[in-house]
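Residue numbering begins at 1 within each chain, and the chains themselves are lettered A, B, C and D in the order written.
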Amino acid sequence: MLKVGLLGAGRIAGVHATAISSHPGSTLAAVSDFYPENAEKLAAQYGSVARTTEEIIADDSIDAVLIATSTDTHSDLIEAATQAGKAVLCEKPVDLSLERARACQTATATTGKPVMIGFNRRFDPNFGAMKAALKAGDIGKPELLSITSFDPAPPPVAYVKVSGGLFRDMMIHDFDMANFMMGEPPVWVMAAGSSIVDPEIGAAGDVDTAVVTMTYADGRIAVIKNSRRAVYGYDQRVELLGSEGLLQAQNMLENTVVKSTTAGVTGAKPTYFFLERYMPSYAAEWAAFMEAISGGGALPVTLDDGIAALAMAEAATQSRKTGAPVRLADV
Amino acid sequence: MLKVGLLGAGRIAGVHATAISSHPGSTLAAVSDFYPENAEKLAAQYGSVARTTEEIIADDSIDAVLIATSTDTHSDLIEAATQAGKAVLCEKPVDLSLERARACQTATATTGKPVMIGFNRRFDPNFGAMKAALKAGDIGKPELLSITSFDPAPPPVAYVKVSGGLFRDMMIHDFDMANFMMGEPPVWVMAAGSSIVDPEIGAAGDVDTAVVTMTYADGRIAVIKNSRRAVYGYDQRVELLGSEGLLQAQNMLENTVVKSTTAGVTGAKPTYFFLERYMPSYAAEWAAFMEAISGGGALPVTLDDGIAALAMAEAATQSRKTGAPVRLADV
Amino acid sequence: MLKVGLLGAGRIAGVHATAISSHPGSTLAAVSDFYPENAEKLAAQYGSVARTTEEIIADDSIDAVLIATSTDTHSDLIEAATQAGKAVLCEKPVDLSLERARACQTATATTGKPVMIGFNRRFDPNFGAMKAALKAGDIGKPELLSITSFDPAPPPVAYVKVSGGLFRDMMIHDFDMANFMMGEPPVWVMAAGSSIVDPEIGAAGDVDTAVVTMTYADGRIAVIKNSRRAVYGYDQRVELLGSEGLLQAQNMLENTVVKSTTAGVTGAKPTYFFLERYMPSYAAEWAAFMEAISGGGALPVTLDDGIAALAMAEAATQSRKTGAPVRLADV
Amino acid sequence: MLKVGLLGAGRIAGVHATAISSHPGSTLAAVSDFYPENAEKLAAQYGSVARTTEEIIADDSIDAVLIATSTDTHSDLIEAATQAGKAVLCEKPVDLSLERARACQTATATTGKPVMIGFNRRFDPNFGAMKAALKAGDIGKPELLSITSFDPAPPPVAYVKVSGGLFRDMMIHDFDMANFMMGEPPVWVMAAGSSIVDPEIGAAGDVDTAVVTMTYADGRIAVIKNSRRAVYGYDQRVELLGSEGLLQAQNMLENTVVKSTTAGVTGAKPTYFFLERYMPSYAAEWAAFMEAISGGGALPVTLDDGIAALAMAEAATQSRKTGAPVRLADV
C-alpha cells in the first residue's frame, strides 16, 4: 500500500484526495496546506491527518507526494520531495519560470526519483481514444492538428496578474496536448493574441483570446485556439487531419436530451468547466502514476514533458510580444 | 447516520454497496447472501460484516434494507422488513406474480413503512432532464411517447426460463418509464412479440423482440420497442411528441471521438450495458431514497409504481398470447 | 423522346412537370386539368399546351400519362390510359376503395401496359441509401422496423373529410415504405389511433395520431407512428434493427448551422414539408419510370404495390375501429 | 429579359449556364470558348448559340457577360466587357497579379458598370444562415473566426504550377469568407505552410497544407486552415466565437443514413467536392446578381472584394516565404 502525502488542500487537491483514497493500492497518509485549517478539513473528510509540508517530506514512511500547491512552490517542493526519496506527481505547470523549471529538472535528475506532471487531459477517455486511433494508424500519417480550448468565463483579473499569462496558465494544457498527439515538440511557434473579452485583462498585460501556430521539422502544422470566454460552457475539442482521415474529439455534453420546437433543435451544452469535464481523468491519471511507480514502467508524462510545454508557452509569449515567429530551440 | 442492511451480494448489490457507503448519511451495516461467502467478500470490500438475512431483519439497530436478492424472494423480504420496522428499497420487479405483489402491497401498507422500488432509470440524468423539460412545459401537452430499449445480447436461455418473460423481466423498466413520462398508467395494452433473435428463447415460451402499444384515457398513445439483441450496444432512447415539440433522450456514447475516412464518418457506440449506462443513476436513486426517508417527503417511486408496471407486464403477456388488446383494469 | 401527357395541374403536378421537362428522354406534350385555366398556366410555363384529359388519352402520339388528379379519378384514368395503350405513372393512392382498386388492377392487367404508383419516398436518396445498405447485408437479417412520420401541421378538416382518413391518406406512404424495407407485406395489422391534435378531426371520424404494429410470417415486426402535427417540421425517420446492426435514416435539416449559447446548442429544424424534403425524389422517380419503360425492365413500384399499401390502410382502419388485429389476407 | 453572354464553356461554365437559363429574368444569348467546339456543345445543350468572345462583347444586344474563362484572361475581359457597356459577373480570382487586378479595378471604375466577383460561397445556404444569425446578434460581438477548408484530393501538379499557389487559388475563397463574416479585411496576415501531402507540390514551389492567422484592428482574430487532401471528402466548416456564443456551419453530408454495428456508429461522408457542395450557391449567386443589376441595388460582392481577397493571398504568400507577419496595407 503506497502511503501518499498530499501537499495542498484546495479544490483540485480534493479531487486528488478522492483518487488517492479510492485507488486500491494507495492511501492518503497526510495532508498539508498553507492554511492548516484547510488541511484539517480535507484530512478529516478522508480519514487522514493534517501535518505540515515539512513533516510530510521528512517522514520516511511516506512514499509519494502529490503537489497541488500554488505554482510558485512547485519547483522547490519537487526538489525537496525527490531529495527525500519520494515519488512525485505535481500539478502543472512546473514553474512560471522556464529557467527555474530547468534547474529543478537538473536537480531532480540526480535523485533518480520519478516525477510526473499532472497533465490530466492525456487521461481523458476521449483524447485517449483519439490517441489510440492515431497509434492504430486509423488516419495514416498526421498532418494538421487543431485544438480548440475555450474556458467558460475569464478568471478574476487578480488571478490573471499572478498566473504567468494565458500561454503559461491556460494554453500550457494545449501545448502538452499537441505534444501528446504529435509525439514531439514543434520547431517554430507563432502567436497572435489580444484582449477582446475583458479590457482589464489587457490592462494587466495579458491576452484573453489567442491563436498559436506551430510548425514541425517534417512539415506538420498545429494550431491552438484559446479564449477565456465561451458563454455556452467549456469548449474542449481536438481534431487531427491525417493522410487517411480525420479524428475529432468532441465536447462532452451535460446530457443527451434534444428538444425540437418551432425555435429549432436544441441539445445540451458542453459540461461546464474542467472539474465536470475532466473528473474521470484525475482518477485515471492517478492510476497511471501508480502503475508506473509500482511496476517500474515509464511515466506517461514526465518532468521533461512539463518543461517542453513550458518552453512552448515561453516561445508563444515572446512571439506574441514581438509579432515574429520564435524558434523553440532558442528559448 | 442511517444503518443499512444489504440483502444480496451479487453484481447489482455491489453497485448499491458503493452508493450506500459513499453517501454521507448512510453506512453499510451488514450484508447477507444465499451464498455466505459472497456476502463475506462484499462486506470485506466495504468494511462491513456478513450476516444472515434473518439476523439483519431482526436487528433493531438496522434502519433500512436494500433488497437485491432473486426476484422470487422480494415480496417475502419486503413484508418481513417492513414488519420489522425497516424502510425498504427493493430492486425491481416486486414479484413475477401480480397477485403475490398485490398481497405484499396490502401487507406492507399496514406497517406504514416506506417501500421504494428500484426503477433506477428514473434517476438517469438524461431521462431526468427530459422529464424536467416536460414538466417545464417545453413541448406543451404530451401526445405520443416512444421508447426504444434494446439489450446488447440475449441472456442465457436458462435465465429466460425463470425470468418471468421479456415483459416482466426487461420491458418492466420501460413500462415504468412510460408511467414516469406519462404520469399515469394506460387504459389498454396491445402487445406483439416473436422469437426471432434466438429460437431457443421461443422454445422456452418467451419472445425476444416485442412491440407494445398503450392507449390512455385522454387519447395519448405510447409505444415500447424491445429487442434482446442490438449488437452495437445498449440502445436506450425515449422520445415524446407534444403539442409544442419533441423531446428525445438519446444514447450515451463510449466517447466523443469521430473518425472520418473514405469509409464514412464513424463515432463511438452506445455504452455497452446497464451498468455502464446507468451507473450514475444508482447513486442518485439511493440519494433520493435517503432524502425521502430522512426528510419525511414522498418516495419518488413507490410500491404502487412497482405494482403498476407489473400489471402492465401481465397485460402485455396476455395480449401477446391472445393477440387481442387487454384492458389494464382487467388484470 | 417520350411524349408525356400530364393529367392534373395542381401543386404536385407542377413538380412532375419540371421532372418530365428536365429529363433528356421525355417531353411534356400536353397538360389537362379540371379547371382548364390551371392547365393553360402550367402548360405555358413549360412550353407545352393545355388540352382536355379525353383528348390526351385519345391522342396516339402521346406515349405516357402522369396522373396527378384527385384520388377519386385515379382508377378510371389508369384504366382509360392503359386501354389507350399508354404507360402510366399515377400518384398514390390508387383509390380510396380497395375493391375499386382491385378491379382497376384486373382491368389494367389485360392491357399489358406498365402502371407505376408514385410512392416517391422510395426514391428519396436517404431511404435509398438505407435500402442499399440493407441489401448489402450491412445489418444482417432485418428484425424490427420503426417508421416515424409526422406532418408539420394538420390539414383543414374539409380535406380530412374527403381524404379517406389518416391511414389511407397519410400512413399509406409509410405502409409502402414498410413494404419497401421489409420486402413483403405483413400478415397481421394492429392499429391504435386517436384524435388528440385537433378535436375537429375526431368529430369528422378520423384520427390524427396513430400507431400501427405489423407482424410478418417469419416473426419480424414493424411499427409506424403518425402524427398530423410536429410543430418543428416534417419528421420523416426510418430505423431498422437487424441481426448485425441498426440502420437509421434521419431527417434532412434546413441548414447545417449550429448555435451554442447559454440557452443550449441549437441546430436547424427538419425541412418543412414534403415538397422541401422530397423534392429530389420526384426527379428520381421520373427517371426510374423512364428507365423501366424505355429499357423494358421491371417497374420499381407497381400497381400491386399500390394495392398492397391500400390493403394495409384498410386493415388498419378496421383494426382501429374494432380494437382487434386484422389479418391482411382478410381484407 | 436580360441577354447574357457566357465566356468560357468548361465545367463551371456549365453550372452557370443552368443558372442563367433557369432564371426567369435571364436568357443565355451566346457562349464562347477558347475551343469553339466546346462552346458549340454547351450552347446546343441550352438552345443557345456559339460565338467568339469578341463577337459577344461587341454585340450591343447582349446586356451582361459571365466570365468563366481561365484566370489569366479575367482582367482583360472585365475591362473589355465593362467598356462595351456590359454588366459583369466574373469567376474568382480577379487575377493572379494584385497589380494587374488593381489596374483593372481603376479601368473598370471609369465605366460605371457593375462588376461582381463570383465568390459563390457567400450564397451557400449554410454560410448565409450563419451570417444572418451573426447579423441578428445571436452571438453578440464576433471575436474569433475559424475556417476549415480542405479539398478531397490535390490537383495535378501541372495545374498547381499555373494556379498562382494555394493562397491565391484555394484559400482565396476562405479569405473572402473571412471578409464576409468579419465585415472588413484584417490588418496583419501570418502564414505557415508546407508541402506534406504531395512532395511534387513542394517541388513546384507551392504548399499543400497551410494555416493563416489574421488579426484585426479591434483585436479580433481569424484563422484559416487549408489542406489539399481530406480523403473523406470536401471539408468546409466555419465557426465564429462571439461574446454571447458560438456559430458553426458544418458539412453537408451525402445522406442522413446512420449505421450502428459492432464497428461503431457510421454516418455518411461530406458531399464530395465543390460542385456537389456548392451547387445551390451558383443559382443563388446568379439570382443575387440579377437582383442587383435589375433593381439598381448594391452588388453583394464587388470587384473591391475580389481585390481585398487577392491582397490577403499576396500577403499570405509573402508571409509564408519570409516567416514574418505581413501588414495588409503594405502589399
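The definition used in the following text is that a residue touches a chain if its C-beta (ideal position, glycine included) is under 8 Å from a C-beta of that chain, and two chains touch if they have at least 3 such contacts.
For each chain, UniProt lists the protein as follows: A, B, C, D = Myo-inositol 2-dehydrogenase.
Please read these numbers as outputs of a predicted model, since none were measured by experiment.
Peer 1: Once the contact rule is applied, which chains count as partners of both chain A and chain C?
Peer 2: B, D
Peer 1: When B-D is set beside C-D, which has more C-beta pairs in contact?
Peer 2: So, comparing the two chain pairs, more contacts are at C-D.
Peer 1: Which chain is most remote from chain A in terms of Cα centres?
Peer 2: C
Peer 1: Quick check: how many Å separate the C-alpha centres of chain C and chain D?
Peer 2: Between these chains, centre-to-centre, one finds 40 Å.
Peer 1: On a C-alpha centroid basis, what's the spacing between chain B and chain D, in Å?
Peer 2: Roughly 57 Å, centre to centre.
Peer 1: Listing for chain A: what residues touch at least two other chains?
Peer 2: 230-232, 235, 244-246, 259-262, 268, in rising order.
Peer 1: Name, in rising order, each residue of chain A that touches chain B in their complex.
Peer 2: 125-126, 128-130, 133, 138-139, 244-252, 254-262, 268
Peer 1: Which of the residues in chain A come into contact with chain C in the complex?
Peer 2: The touching residues are 230-233, 235, 253, 259-270.
Peer 1: Where on chain D is chain A touching in the complex?
Peer 2: 143-144, 146, 148, 150, 188, 190, 192-197, 209-211, 213, 215, 218-221, 223, 225, 227, 229-232, 235, 241, 243-246, 323-325
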